[in-house]
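The two complexes that follow have chain A in common; it is paired with chain B in the first and with chain C in the second.
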Partner chain A sequence: MTLRIDAKNMHYTPLNQQIKAAVADGVKEIVLDNVLGQRFIADGLRGDDVRIVINGVPGGDLAMLMNGPTCIVHGNGEHAPGNTMNSGLLVIHGSAGDAVAHGMRGGKVYIRNNIGYRGGIHMKQYDLDARPVLVIGGTAHSFLGEYMAGGLVLVLGIGLEKSMTDRGIGSGIHGGEIIIRGEVEDHLLGVGAKKFEFTEADLERIKPEIEGFCARFGLDPTEFLDTNYTRIAPSSSRPFAGKYVWE
Partner chain B sequence: MCGIIGVIDRTKSRMDGSCIKAALSLMNERGSGDGAGYVAYGIYPDYADCYALHVFFDNMEEPKEKVDEILQKQGTIVHQEEIPTTEQPGLKKVHIPWRYFFKPFKDQIGGSLGSEDDLVKDIVMEVNAGIKGALVFSSGKNMGVFKASGWPEDVANFFRIEEYEGYIWLAHNRYPTNTPGWWGGAHPFNLLDWSVVHNGEITSYGTNKRYVEGYGYKCTLLTDTEVVAYLFDLLGRKHGLSKERIVKALAPPFWDEIDRMPPAEEELNRAIRLTYGSALMNGPFAIVVASTDGIVGFTDRIKLRPLVVGETENRLYISSEEAAIRVIEPGIENIYTPRAGEPIIGRFNE
Partner chain C sequence: MTLGSVPPRYKISIDREQCMDCGRCIENCSYGVFRREGDRIITESRKCTACMRCIAMCPRDAINLKENPVDYRSHPVWTREAREDVIRQARSGKIILSGMGNTQNHPIIFDRLLLDACQVTNPSIDPLREPMELRTYIGKKPSRLQFKKTEAGDVELETKLAPNLRLETPIMIGHMSFGAISLNAHLSMAKAVSELGTFMGTGEGGMHRKLYPYQNNLIAQVASGRFGVNVDYLERGAAIEIKIGQGAKPGIGGHLPGEKVSAEVSMTRMIPEGSDAISPAPHHDIYSIEDLVQLVRGLKEATEWKKPVFVKIAAVHNVAAIAAGIARSSADAVVIDGYRGGTGAAPKVFRDHVGIPIEVAIASVDQKLREQGVRNEVSIIASGGIRNSADLAKSIALGADAVYIGTAALIAMGCRVCGNCYRGLCPWGIATQRPDLVSRLNPEEGARQVSNLIKGWTLDLSELMGAAGINSIESMRGNRDRLRGFMLDEGLLEVLDVKTVGA
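And then the complex of A and B:
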């Protein structure tokens, strides 16, 4: 059963109330047309078999605390899509603003094009099941993976000579990993971040993410299945252990 | 958190205020109903050679007499009237908005007396610092600021901004966080033809304020954004810096970035940073500034506030949110987010 909602000129409160009520009534697919700037869509929504399709440009904090559903955006995203997302899948067929996947703790966020500043800030993970994944098709601005504590950020740099040209990558990182297609210049690394060799074992590990991303956007994954990546991770097991300690 | 949007039509085709009102209102979530405002350029073609002074009066007696006296001493009041308003249920009219079209006497300017602009700047400072119950909140030519405490639609309807047509519009929806919400604290902030809308905070306000005060500017409006208008006037009008270079002074590259630049660029950036250290603005901000010849948008150096740019064949938009631009231009294709500290400049076609 599919529910279609024309969101034109609708405030986000009644819109999100309608979505929640529909999911509670057992609706499995909701298509939102003419979305423009409405915030908090799919926030806290539950149900692994629920699908939300957004036609337009949703407002900030899309899929915040989302727990299970698949949310697909045909348009660009605003600030912090995937904020503190718990599980499920968020796909954006466009670009997104700052703080994408902010504090994300599970599930996957796929952005076809570019993201703004501080993508993956404060991402975290608890165990193998709760391991968030953020994949960016294009590039990201500064402070990618800032204060990152867990999970994976993958930047493919599709169509770009260099995947990353902005500074502060992994600034304050103390867990998780940032994997970037091609070389990354040393001066782009943030405090506490270190480059590591990208191995065949790493490729095996991220292969499902590459394939998943490519499948969503109709791309051929084979061109990404090699070891031409840079892996960025914390410089030690506790890079900031001495930060707030005076001996 | 605040919402900002600006637009310039490069062909100087004029737009009425209805579109910008709709775009700003889409970002109501970014405000708290404590302040909203608009500025438009090209709205007073019949008085294009006069300074359009918009003043908030607390009453029409003593403050008005004092302002009249200052103006009549230094020039001619070509025309004056109350700014037309329509009462709104959601907006309390606590000041009387008034406008003068003013021409300074020729013998008051030139040589050591300074320019017309200097004279008008001094009048603005004198009124705002010295006359209780009067506040000049707009002082450029062929442009005007309209602002008050209230929500974007209420402020727009109160000032009937749909009746004005301009080729540049800026608009702002305020969410005051650490300074009072009052009519004078609403954006845009203006001096002469510089108008500023700002989302964020200028945490270096104290340093910047002391710096401009050394050049005769007086910060009287109880909030940080005011100083940005004075910095643009000082660096742009008095020192003759281009908008690109003003932004380089206010939101410069980091030293390690300057170290990596090619020699000529490095020398320029080093010189600007050393000369204008006291103009450097710290803190989170996204700002759009308008003047007679165009607009410029920029953010702080580490991009702590959002800014989105949209371009069509004839127009440049700068906004806090993409959706606000799409209210006016639903099918816009060229949308992007600028880099931190990167000046986005809209000029008129030659």
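And then the complex of A and C:
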């Protein structure tokens, strides 16, 4: 059962109420047309088999705290899509703003093009059941994966000479990993982040993410299935332990 | 090595006449002060933190503790503390980390405010006989009410009311996280507030499943680390609090040392076991007041506008203007945390030097919100250094709706304010995750003590109000005419909007 909602000139609260009510009624697919800046779409929404298709440009905190659904955006994202997301899938056929996947706890966020500052900041993880994944087709601005405590950030740099040119990658990282296509210059790394060799075993591990991403955007995954990546991980699990002395 | 050691801070001695050699001191001291050598108990004073556990547990009162047993040459400027801090930093090149609240010997404004009582011209009220209305509602109040008449002739309220928390006493327990403190400490306080009809903050470490039975009296916290935050957690809480700042360390984030990140803490926070739990200084999705609005509303959307959302800030110089911004953010309450607020761990320089006293912050925020006509948009919750029922009564008279207590609740569970919370070895089972230490705190007993404390303060408050001829908390709130300043300067009296004694 598909429900179509024309979001033209709608405020986000009634829009979200309609979405939640429809999901509660058992609707499995909701298509939102003419979305223009409405914030909080799918905020806190539950339902593993629910699919939301957004035609237009949603506002900030898209899929914030989302718990299960798949959310597909035909357009760009705004500030903090996937903020504190718990599980599910968010696909953006375009670019997104700052703080993408901020504090994300699980599920996947796929951004076809570029993202702004502070992407994947403070991502978490508990075991392998709750392991968030952020894949960026293009590039990201500064502080990518800052304070990361878990999860995976993957930057593919499609069509770019260098995948990352902005600094502060993984500053304060104490868990998880950031994998970037090609070489990453040392001076781009933040405090506490360290480069590691990207091995065949690493490739096996991230292969499903590459394939999943490519399938969503109609790309050929074979192009990305080699070891030409840089793996960035914590230099220690306690990056700031050495900063303090007890009273 | 050229610096040598600084003198021990405490001297522990055993009265051998009294000692019956039972060894309870050895068992109880988690810092390793006591050990047995042959038939004697030996002490190592340098390890002592003055947590008083040994003294509390000694059946013969045989243990004595003396602070600063070795004198320095006295000097009014280069105090012992000043000298030792220099030595500590010269040795390490690091930031000095400290626990508990501000230790500066600044005057306490609460102690220079005096409460009023009735004599002759209007009678005081006996709370034994007359009902004292202490019930407090936290949240937005409508600026006006609209009614309509039904066809049957009844009157119905048309105005849509915002969700409020109903407190049976204006005392709540502030946010101390699972991680900073133990599960048994959380359970003790959660049981107490559930029984009393008031609320407790979970802190930012999420909500342990054992707290679910008390969720209707818990306030979920969303802080910059976003630990334990998902939609289930937000829905469980009776309200949601966004923590922007903390009085003990305004402007910087939180830091739970890896020593306290046990398996359970790692699970609720979703970070690797043994790693430091780092809450950054800002929320990285809030870089402006507009972004704060977005987070407040984002949380409300997620919970379908059913939960009040609080915003907690540290009391800093421009607290009034900041609170006025928060009042316009859709938030339902502003929590102001004064510079005497406690903490498990904070850089000493922040703990002792950043922020302003809660008394002035309450007064200036209340004043500013009233001037701007938005006082009804947000409740004011005051915290940071509320030590007794007098501080509570004075906070309300200065304009607060309710207070959060923190350290006082910990003391009710055994804490002796030794300030070593960051080490994770709390022998009272409060600020630790070590199972053998945590088991020392019985949640039933802990709950009874915390509950007793809040009951005691509530009785005190009723008596104080009755004595002032006030029978409802609303008439006490912001009633600065019932306060007088004693030995406060003119500038401060003006900010507090309180007259001097005798006037």
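The rule is simple: the second predicted complex is superposed on the first by the 243 of 247 C-alpha atoms of A that agree within 3 Å, B and C clash if a C-alpha of one lies under 4 Å from a C-alpha of the other, contacts with A are read in each partner's own complex, and residues count from 1 in each chain.
The rule is short, and it goes like this: contacts are C-beta pairs under 8 Å (C-beta built on N, C-alpha and C of every residue); 3 or more make two chains touch, one makes a residue touch a chain.
Owing to the predicted nature of the structure, the values given are computational and were not obtained by experimental measurement.
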Exercise for review: Could you look at A:D166 and tell me whether it touches chain B, chain C, both or neither (first, second, both, neither)?
Suggested key: first
Exercise for review: Have a look at where A:Y147 lands relative to chain B and chain C in the superposition and call it first, second, both or neither.
Suggested key: second
Exercise for review: Considering only touches as defined above, state whether A:H187 meets chain B (first), chain C (second), both or neither.
Suggested key: first
Check your understanding: Thinking of the overlay built on chain A, is A:I158 touched by chain B (first), by chain C (second), by both, or by neither?
Key -> neither
Practice item. Answer with first, second, both or neither: which of chain B and chain C does A:V133 touch in the superposed model? Key: neither
Check your understanding: With both structures placed on chain A, which of the two partners, chain B or chain C, ends up touching more residues of chain A?
Key -> C
Practice item. Figure out whether A:E78 sits in contact with chain B (first) or chain C (second), or with both, or with neither. Key: first
Review point. Is A:V57 touching the first partner chain B, the second partner chain C, both, or neither of them?
Key: first
Practice item. Based on the superposed arrangement, let me know which partner A:R39 touches: chain B (first), chain C (second), both, or neither? Key: both
Point to revise | First, second, both or neither for A:G116, with chain B first and chain C second | key: first
Check your understanding: Where on chain A do the contacts from chain B and from chain C line up?
Key -> 39, 60, 79, 118
Exercise for review: Would you tell me which residues of chain A are touching chain B in their complex?
Suggested key: 36-37, 39, 57, 59-60, 76, 78-79, 95, 97-98, 114, 116-118, 141-143, 166-168, 187
Check your understanding: Which residues of chain A touch chain C in the complex?
Key -> 12-13, 16-17, 20, 39-40, 43-44, 46, 60-61, 64-65, 67, 79-80, 83-84, 86, 99, 102-103, 105, 118, 121-122, 124-126, 130, 146-147, 149-150, 172, 174-175, 237-247
Practice item. Please name which positions on chain C make contact with chain A in the complex. Key: 88-89, 91-92, 94-99, 224-227, 229-232, 234, 255, 257-258, 266-267, 269-272, 274-276, 278, 280, 284-285, 291, 294-295, 297-298, 301-305, 347-348, 419, 422-423
Check your understanding: Which part of chain B faces chain A closely enough to touch in the complex?
Key -> 26-27, 29, 256-257, 260, 302-303, 306, 308, 321-324, 326-327, 335-337, 339-340
